[in-house]
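Naming follows writing order (A, B, C and D), and every chain is counted from residue 1.
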Amino acid sequence: MIAAAGADIRAEEKLFSELDAAEGGDGDHGTAIVTAFNAMAKADGDDFKTYLKNLSDRLQDEACGSTSTLYGTWLQGMSEAVPANASELDAGGVAAMFRGGLDEIGFVTRARVGDKTLMDALLPATDALAAAQTQGLPAMFAAAADAAEKGAEATGPMRARFGRAKNLGERSIGPRDAGAASMACIFRAFAKTLN
Amino acid sequence: MPMKKFINDPANLTTELLEGFALCYKGKVKIVSDKIVVRATPKDDGKVAIVTLGGAGHEPALSGFVGEGMLDASVVGDIFAAPGAPKLLEALRMLKREAGIVLVTLNHAGDRMSAAKALREAQKEGIRVREIVTHEDISAGVDTDPEEKRGLAGCIPLCKVIGAAAEQGQGLDDIVEIGERFNRQMATLAVAMTGCTHPQNGGPIAVLPDDEMEIGMGQHGEAGGGRSKLLTADETAARMIEPLTQATGVKAGDTAMLIINGVGATTLMEMFIVYRRAAQILAAKGVNVIPGACGEYLTVQEMAGFQMILCKLDEDHLELLKAEARTPYWTA
Amino acid sequence: MPMKKFINDPANLTTELLEGFALCYKGKVKIVSDKIVVRATPKDDGKVAIVTLGGAGHEPALSGFVGEGMLDASVVGDIFAAPGAPKLLEALRMLKREAGIVLVTLNHAGDRMSAAKALREAQKEGIRVREIVTHEDISAGVDTDPEEKRGLAGCIPLCKVIGAAAEQGQGLDDIVEIGERFNRQMATLAVAMTGCTHPQNGGPIAVLPDDEMEIGMGQHGEAGGGRSKLLTADETAARMIEPLTQATGVKAGDTAMLIINGVGATTLMEMFIVYRRAAQILAAKGVNVIPGACGEYLTVQEMAGFQMILCKLDEDHLELLKAEARTPYWTA
Amino acid sequence: MIAAAGADIRAEEKLFSELDAAEGGDGDHGTAIVTAFNAMAKADGDDFKTYLKNLSDRLQDEACGSTSTLYGTWLQGMSEAVPANASELDAGGVAAMFRGGLDEIGFVTRARVGDKTLMDALLPATDALAAAQTQGLPAMFAAAADAAEKGAEATGPMRARFGRAKNLGERSIGPRDAGAASMACIFRAFAKTLN
């Protein structure tokens, strides 16, 4: 799943950097997220907990910027939320894992829905996973991908309140948030591999 | 138009630039563990250590100020990107000492998040460390919540002051007090005339129309809101020094230091001309302006523009600024 | 496109920039008689004085190196233009002393003509003065007649060396011998990637196609002849360090110093990357490369490019380079 | 005469800077020569010797670069070549005055005809003044202006051997030399005021 998402992310690298620049950021989100996936490609681990922790560590070691800490924290939270030695997860376990990731991110940033950050995609996607728990993994991820995409779309007319883009004020309105767009791309890739 | 920079593979930029920096100043600094710049000869560990973190691409900042009288370590991220929390934690472990560590964090989301994560872990491990967050950019308005204000090049004189205090052997709490007082009394405002290119992806940052400039530009070319038609040097100086005076509360009889930090393509010729008018305006207000500095300290690639930094100084700051410093890019 | 610079009336550029410079570094320098920059506290006049001359627009050069351990005076012309002979003569009269004066002249037509006229008059008046002409630019070919080779930023380490010798109290003849030996053993090569704008008339200087660079560019953007497609930092470093090694005769076992002088818009990031490769190549040849310098010392407005300076060092040069210097833009 | 030449020079300021840049110089000859004429406008003196010396001093004080020394030296040479207290000069005196200027310039530069400098205009103009001595001042200056202009024209195809432009080598071929062009403009202005 990481490999598939990595491929889709790499294909859109330029777009993510352009969105970062367009909303008033420093135009490097594409570079950051691609570096993150390159780092994650080197991770391994026999069970979910170890693998997720390894993903988090690799990513934080090699990727920099907000992306490093946000994604690193997300993966770390997921790792902490899965049981030790588990090498399979049921629908409830997956939903709990993503909930754990979201909770941990909440510790490093105060951003929530409406602040024009990746939280606009991640929050509804995590909620959708939980809501669709009874319908099995493919349906859960399809719902999450739709929710993430809708969330990312909605960031266009928002005014950035966190991250570098916030300094632009009114002028940040228009383009989607770079981090929300890449997060939606990741959930879409997850959904595709499960179908 | 292709990007015109003397670089090799964009993926290796930070590693290569740090290698070159360390080779060039090998008497003064060295690289440990890939992205941590430390002094060639460490400071006596009975003294408080000063550490900072930040992305590359802003050379000479921040690593150029590692050395006698200023920083003990600078933890470097990729271009314009904060280093990850694990790297910073590694540096804090390396400098762990009873006297303690001061971590200087510029207020940018990435740096703050890495610092928060690393500090939480360091404190769990019993490392004695206190953070000073700089947020002296007044472009969002003098009265803006400090949490919302960016840290710009004002961190450099701040590091000079606390670095000197640490060198004198002052205690952690005193150093933080001196630094926070300096922090509260300084303000920075940036102006840009042209954009620049991101050295990794070749994309444009902060494009400005041919006949416009922008007051309030951020450290990475993030926009600031104060667009205007091109002004003369004197007009620009006046527009910037007035809010800085207001923000710092500098008034007749006070002592202050003025620094012009070029961000890339703006010449020293221009910085001197701007310094001249700003210093004249301060002098006319009855402010005692001590010798300052014009130069490139914290840059934004080849962007044309500068940051004007005004620091209101107390007696102890004045003395600490004058104390010996022998780093690659700041000496006293 | 209008010129984008922080200036006022172009006619007052030099006066205003010197005023700003002197205000900013008032503890170290002052302006006398309009365009002569001297130390705030003069050197004991039992010691030989070091003087240089040159146009403005190259800041911090040359006035930025007036101060303890380097220059006693810098005589400044208008933008890119040598000062007239009468101004230089005035400075020589001001510094007249039994110990004598060394005048450092960069080999450019205007500077040479002013120096020639002023020296003829000074000698008539019994002022003891000797001239060192720098002409270390090898762009015209290593074997070119020295009279035909330009003086670039190599004059700065040369002034450091003879300045230190003067500070030690060495005699005029010895200082000239040390300086001429340093002069013969150094070589400089410049490269440009973009042109710049003349700050007085707004005209373009040294326009380069979007995908080309030029090795051999002069101090004022005068063309040099080595046009090529854009090269990487490592390729550029290799193409420049090889002829410099040949010109200086640096070989295994020798000690050498490498300086990268940014001419305007090129970032320190890039200079470090270039320094890295050039130093690695020298080290691979068995050369002992001592700590060097990367920075903007002698600029050409906002041109992108740099000068690479290689100096083969004798024992005495090595020691004189390390001696204390506390000028605004060069310290040791 | 200085005032008239100054007006013509000012009108062409941009052209002279462009020629300087085009032949590989630093693009400031227009600025330099205009500054020179502004400085000379402030000069006075009751006789030729004093006035010329004053012109030379003012010019060297205020103008910079090669122009300062070349023109300063030229005027100084002229001053030295005229008799003390003379407030009028006959044709022979004028020719001798210009000859003195040329000789003195020869002291600061080794450039001669063919080197693509102002000497390409000044040398033939000075010769033409001497050759037309018997025909009176207006004819003398008309001949000098023609000679200077022909000399300046001829610098186009030359390769610069002095001054900043020399570094361009082959690529200096094409545009006229800036200093020769301004010198020709000055002689033309002199010729016009005498007609």
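In the analysis below, contacts are C-beta pairs under 8 Å (C-beta built on N, C-alpha and C of every residue); 3 or more make two chains touch, one makes a residue touch a chain.
Nothing here was measured: the structure is a model prediction, and the numbers come from that model.
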- Please name the chain that ends up farthest from chain B once chain centres are defined by their CA atoms averaged. D
- Message: As a quick test, compute the distance in whole Å between the mean CA positions of chain B and chain C.
- Response: 29
- Where the CA atoms of chain A average out and where those of chain B average out, how many Å apart are those spots? 31
- From the C-alpha centre of chain A to that of chain C, how far is it in Å? 53
- Item | Chain centre separation in whole Å, for chain D relative to chain A (CA means) | 73
- Item | Chain-chain contacts as defined at top | A-B, B-C, C-D
- Item | Parts of chain B lying in touch with chain A, wherever the complex brings them together | 55, 77-87, 108-110, 113-114, 116-117, 139-140, 148, 150, 198, 200-201, 203-205, 216, 218, 220-225
- Of all residues in chain A, those that touch chain B in their complex: 13-14, 17-18, 21, 24-28, 30-32, 35, 57, 59-70, 72-73, 108-109, 162-169, 171
- Query: Which of the residues in chain C come into contact with chain B in the complex?
  - Reply: 1-2, 4-8, 13, 16-21, 23-28, 56-57, 59-60, 64, 193-194, 199, 210-211, 213, 230, 232-234, 236, 258, 260, 264-277, 279-280, 289, 291-296, 299, 301-302, 304, 306, 326, 329, 331
